[in-house]
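First subunit A sits with subunit B, and in the next complex the same chain sits with subunit C.
Let's look at the complex of A and B:
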């Protein structure tokens, strides 16, 4: 074999090898790395919804001629686990983009890693204003959730409107909050808003069941002694049912009973104690009556999993994947700069009922979120009671006394100027 | 038991302390009746959870850092018995006693048997390892999702003189009394119990006088595991269930045993009473409620300082 022949063979081999590897790269899926608390109801809904979105995208041919692969990691709502999950997604799985997120604490844990790797992050959780401060100047960070100060102000608007419509009394508000960063942060963010509205606010910390607590009777007694017309607790899903049981035990039934956990425990919808408990959210399955995207999402979820999404992190996670997918299509590449530009052009009609468009928040450049809603548990279902245009049920007010539950579980009679 | 109390009454310090606690309880009852009821219920729960550890650590010197995790497993057992067979958690205490006695037997033969008589660090590491296996194992089986049965009777209440208080938690008072009396009978009135005390005080001497030391360790370990696991169903009637719920109760029980005095079953009950009443009293103050946790540390530090002073005086 002469030299010319050897060169020809080598060139041929190189060409074949090149073609093969290019083909292989083309077949390589686009990897999305998701971090969620998989055992929590928020993470369960979120992960299923992401899988649903990826399945729908792949059924339509994927993105840029490639299939999409979702790699899911569990952060167990803990900062250290979130940081480890991020490291693994970037260094081992070599993902193209990071999505997910629920808890503020877990998000805070992942922030140093996010900054180190500089991958594009489209994040749906973490309402703490501290996250916003930490992400100042990071153009690769896109946030799909309201900050704590924003949601407090928006919900206050809702209460003011409900005050007028239903004659709600809430001059005396008692806020019980878990003693950690989540609860005390919420109290600090909410305090000036309540006081500005002319309400007398009393707050007290409690030890969450998540940290070895679980006896809320002293806090509930203080609220009762205070004569609270409105009671708001901010804690975790582990606190939800015992708080209701202990409120019943000591006969505490204020006009408004509001819970503010990140997600409700699975057993909560089955308890009769949930009747007329209010909470803040961004979505309810009941919205499907008025919004076709919401209905399409719920129907697809139910068909796929034979189950219903129970938290807003379901449609939000779906939105998360779809926004990323549309941006990748627009960018035509996975290059960071092009992807950031494409994400900035987002205008996505979400199953949350809103169109997501990124705007500048107080500190970060990219934030989009659904309009907050005030919800109420009614006969085992979460109903939207405000804003009026998306409301699915009338408010039950006042919160029925514990010994008159069966008779009182009917919509509020106090509504002013409401058509019968 | 009565002789023991009479003997302790003879000691001036004990009598002084007892009168002080009693007076404080009466004053609390007059000042805030709800605190008296809820403090008693809280104390009973602490005592109930700490007593099986007092048996194991205080009597036969075995440190079980997976104490709270065994309670967690027992609580999950009750949850699934309720979900699968509709069994009330209180009823499931009985099968839990039997099943977890056997479970304790397996755990002992596989693990603790091999570290009896070894330095305490080995026991600490083993207990820590078992606690991780139990909590992570339960996470794998049942996930981290919190679970709570909605039981109507747990929010039962009564009103006396305008004070409304919960009545269900008196189950913990009854449970603590039953476990306390049962343990006292076992240790004072049975040959096996007295042999256990002897093994705890001097294992080598006990062996020399013909006590089957290995069987005593095995029995006390299994009784302790069966008891704490059977307390799990009672605990989960009121509290939310999740795989990490046990660890804080391990630490609290450990401290109560240390404060009550190694080997003193009644001492653990008194320590639980001080802790439970103290915490509830501080929590009843809106302004100072957040300092309730300090009672726990103050109790430990106070007792350590007092004992240290006593040793110096002697």
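Let's look at the complex of A and C:
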């Protein structure tokens, strides 16, 4: 074999090797790193929904000719664990983008790491205004949830509209809140709003069953003695059933009985105690009646997991992945700057019933969130009663007295000027 | 043979000192967990040697953490100075509490220490100056988040605790506390000032816990009531010390190292059920090896020698 032949063979081998390695690189999946509290109902719904979204993306050929791989880490709702999860995702798994997030405390612990790495983060939780302050000027941070001060204001708008439509009386409002950041923060954010609306507001903290509590009798009695026309409790899913049982036990049935846990316990829909209980949320399965994306999501979730999502973090996590996927497609690359630009151009019709578009909030540049909704449990289903354009049922008002529940569980008759 | 123990310790320290050159950022983060639990478990064990069962780790770690973060947030002091202040405040609180409750014994003392964390959690949650329920966020983490430097910081705290524990076993206080643990009446009739020695050891161990908590929350540049006073900080170190073997310096160290790493390993293997598996392992280990790893090791070496 002469030198020329050897050179030709070497060139051929190099070309084949090059082609093979390029092929191997092309086969390398796009990695999305998710941080969620996996033992919690929000994390359970969120992780399943993210898996569903990734499965659907991969079935359609993936992104940029590559498959998508989702790597999930549990933050256990703790800041230190969230920080470790972030380190693992970025330095061990070399993920291309960070998604997920639920609790504010866990988010706060991960912030130094997020700033250190500067990876693109599309975050669905952490509603505390302190997080917004900490993220000032961070162009890689995209937030898909309303801040605490925004939530209260939007729901108050809903109440004012419902007051006019249904003749609701709520001059005396009692707010019971779990003593942690979630409950106290909600009370703090809601207090000036309620008072500005002319409400006489009284608040009292309770220890959530999720944190070792479970006796709400004292708070409920105080609300009853106060003569509350509207009772709002802010706590966790584990508080829902005992609060209703103890309210029935002491015969407390104010005109409006409102709960606002991030998610309801799975069996809450089966209890007759739920009838006419109102709650705040961003999504209900009932929205599928009016919104095809919502129906598509619910059907796909049920088909995949033989179960229903119980918290809005399900469709929100699905939205999280889909927004990132669309941005990667638009960017055509995983380069940070291009990805940020592509994310800024987001316009995604989410299963939550809203089109997500990033705008400037009070401090950060990239915030998009679903419109808050006021819901009510009616005959075992969570129905949307406000905003009107997405409402799936009329409000049952007043909350039926415990001894007259069978007769009273019908939609409100006081609606003014309503078309049948 | 006489020097083999010291040689083993030296090798261990050389390995620990070399680790940052070989570990990634995630593994360094796990080492922070190992070191903070070593400080908690070993300091808890030092108090246990006097016969006092404390559940106050979460309380003192939380006091240290809050003090340190508040110092940084309000006065922009150096993080190291903030950690020292956090440790001092935890020690002062322990001095005040100890002078009142160390007259109690057994279950009564344990319950009071358990209440410390809960009381301070309620206080910080209701004060605006401590950030109320949302807690406080610092603009920057200690050493600007440099993982190698934070490794050295936590390594130094764990090493400091180990050295204190070893030195402690050579002091008069140790003998006094051992005699108190064995029989208080005999100790008192021998002239041992029981109350004084108990207060000293309670203050020292609480200051260590305060220092570890202060450094830990400086790394995450934030502190929340639920995070800083987390009951897990009271119960996990106790389990780790029991798992490694109480009454020794190396038992809690080994227990903390094994269980901290196991917790993270399980999380990677079983993302959805790791806490359940971890809980089962801890219960099973304590049921089957009540004297801990050091106990098993001692039994083994005793059999080997005979």
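In this section, the second predicted complex is superposed on the first by the 398 of 420 C-alpha atoms of A that agree within 3 Å, B and C clash if a C-alpha of one lies under 4 Å from a C-alpha of the other, contacts with A are read in each partner's own complex, and residues count from 1 in each chain.
Just so it is clear, contacts are C-beta pairs under 8 Å (C-beta built on N, C-alpha and C of every residue); 3 or more make two chains touch, one makes a residue touch a chain.
Worth saying up front: this structure is predicted, and the values here are computed from it rather than measured.
After alignment on the shared subunit A, the placement of subunit B and subunit C results in a clash. Judged by the touch definition given at the top, the superposed model places A:265 against subunit B, while subunit C stays out of reach. Contact with both subunit B and subunit C is seen for A:76 once the two complexes are overlaid on the shared chain.
Of the two partner chains, subunit C is the only one that A:108 touches; subunit B does not reach it.
Of the two partner chains placed around the shared chain by superposition, subunit C is the only one that A:92 touches, whereas subunit B remains out of contact. When the shared chain is aligned, subunit B comes close enough to touch A:245, but subunit C does not.
In the superposition on chain A, contact is made by A:214 with subunit B only, not with subunit C.
Residue contacts after overlaying the shared chain place A:195 against neither subunit B nor subunit C. Judged by the touch definition given at the top, the superposed model places A:179 against both subunit B and subunit C. Of the two partner chains placed around the shared chain by superposition, neither subunit B nor subunit C is touched by A:28. Put simply, of the subunit B stretches 57-65, 129-137, 147-155 or 183-191, the part that bumps into subunit C is 129-137. Put simply, subunit A uses residues 38-39, 76, 179, 211 to touch subunit B in one complex and subunit C in the other. Listed in rising order, the residues of subunit A touching subunit C in the complex are 38-39, 47, 72-74, 76, 78-80, 83-84, 87-88, 90-92, 104-105, 108-109, 111-113, 115-116, 128, 130-131, 133-134, 179-185, 188, 211. Within the complex formed with subunit A, the residues of subunit C that make contact are 24-26, 28-30, 33, 122, 125, 131-135, 137, 139-141, 145, 147, 216, 219-222, 224-227, 230, 264, 267-268, 271-272, 274-275.
For subunit B in complex with subunit A, the touching residues are 34, 38, 42, 139, 143-150, 154-157, 159, 164-166, 168, 238-240, 242, 245, 247-249, 252, 280, 283-284, 286, 289-290, 293. Of all residues in subunit A, only 37-41, 44, 76, 179, 202, 204-205, 207, 209-212, 214-215, 217-219, 221-222, 236-242, 245-246, 248-251, 265-267, 270-273 touch subunit B in the complex they form.
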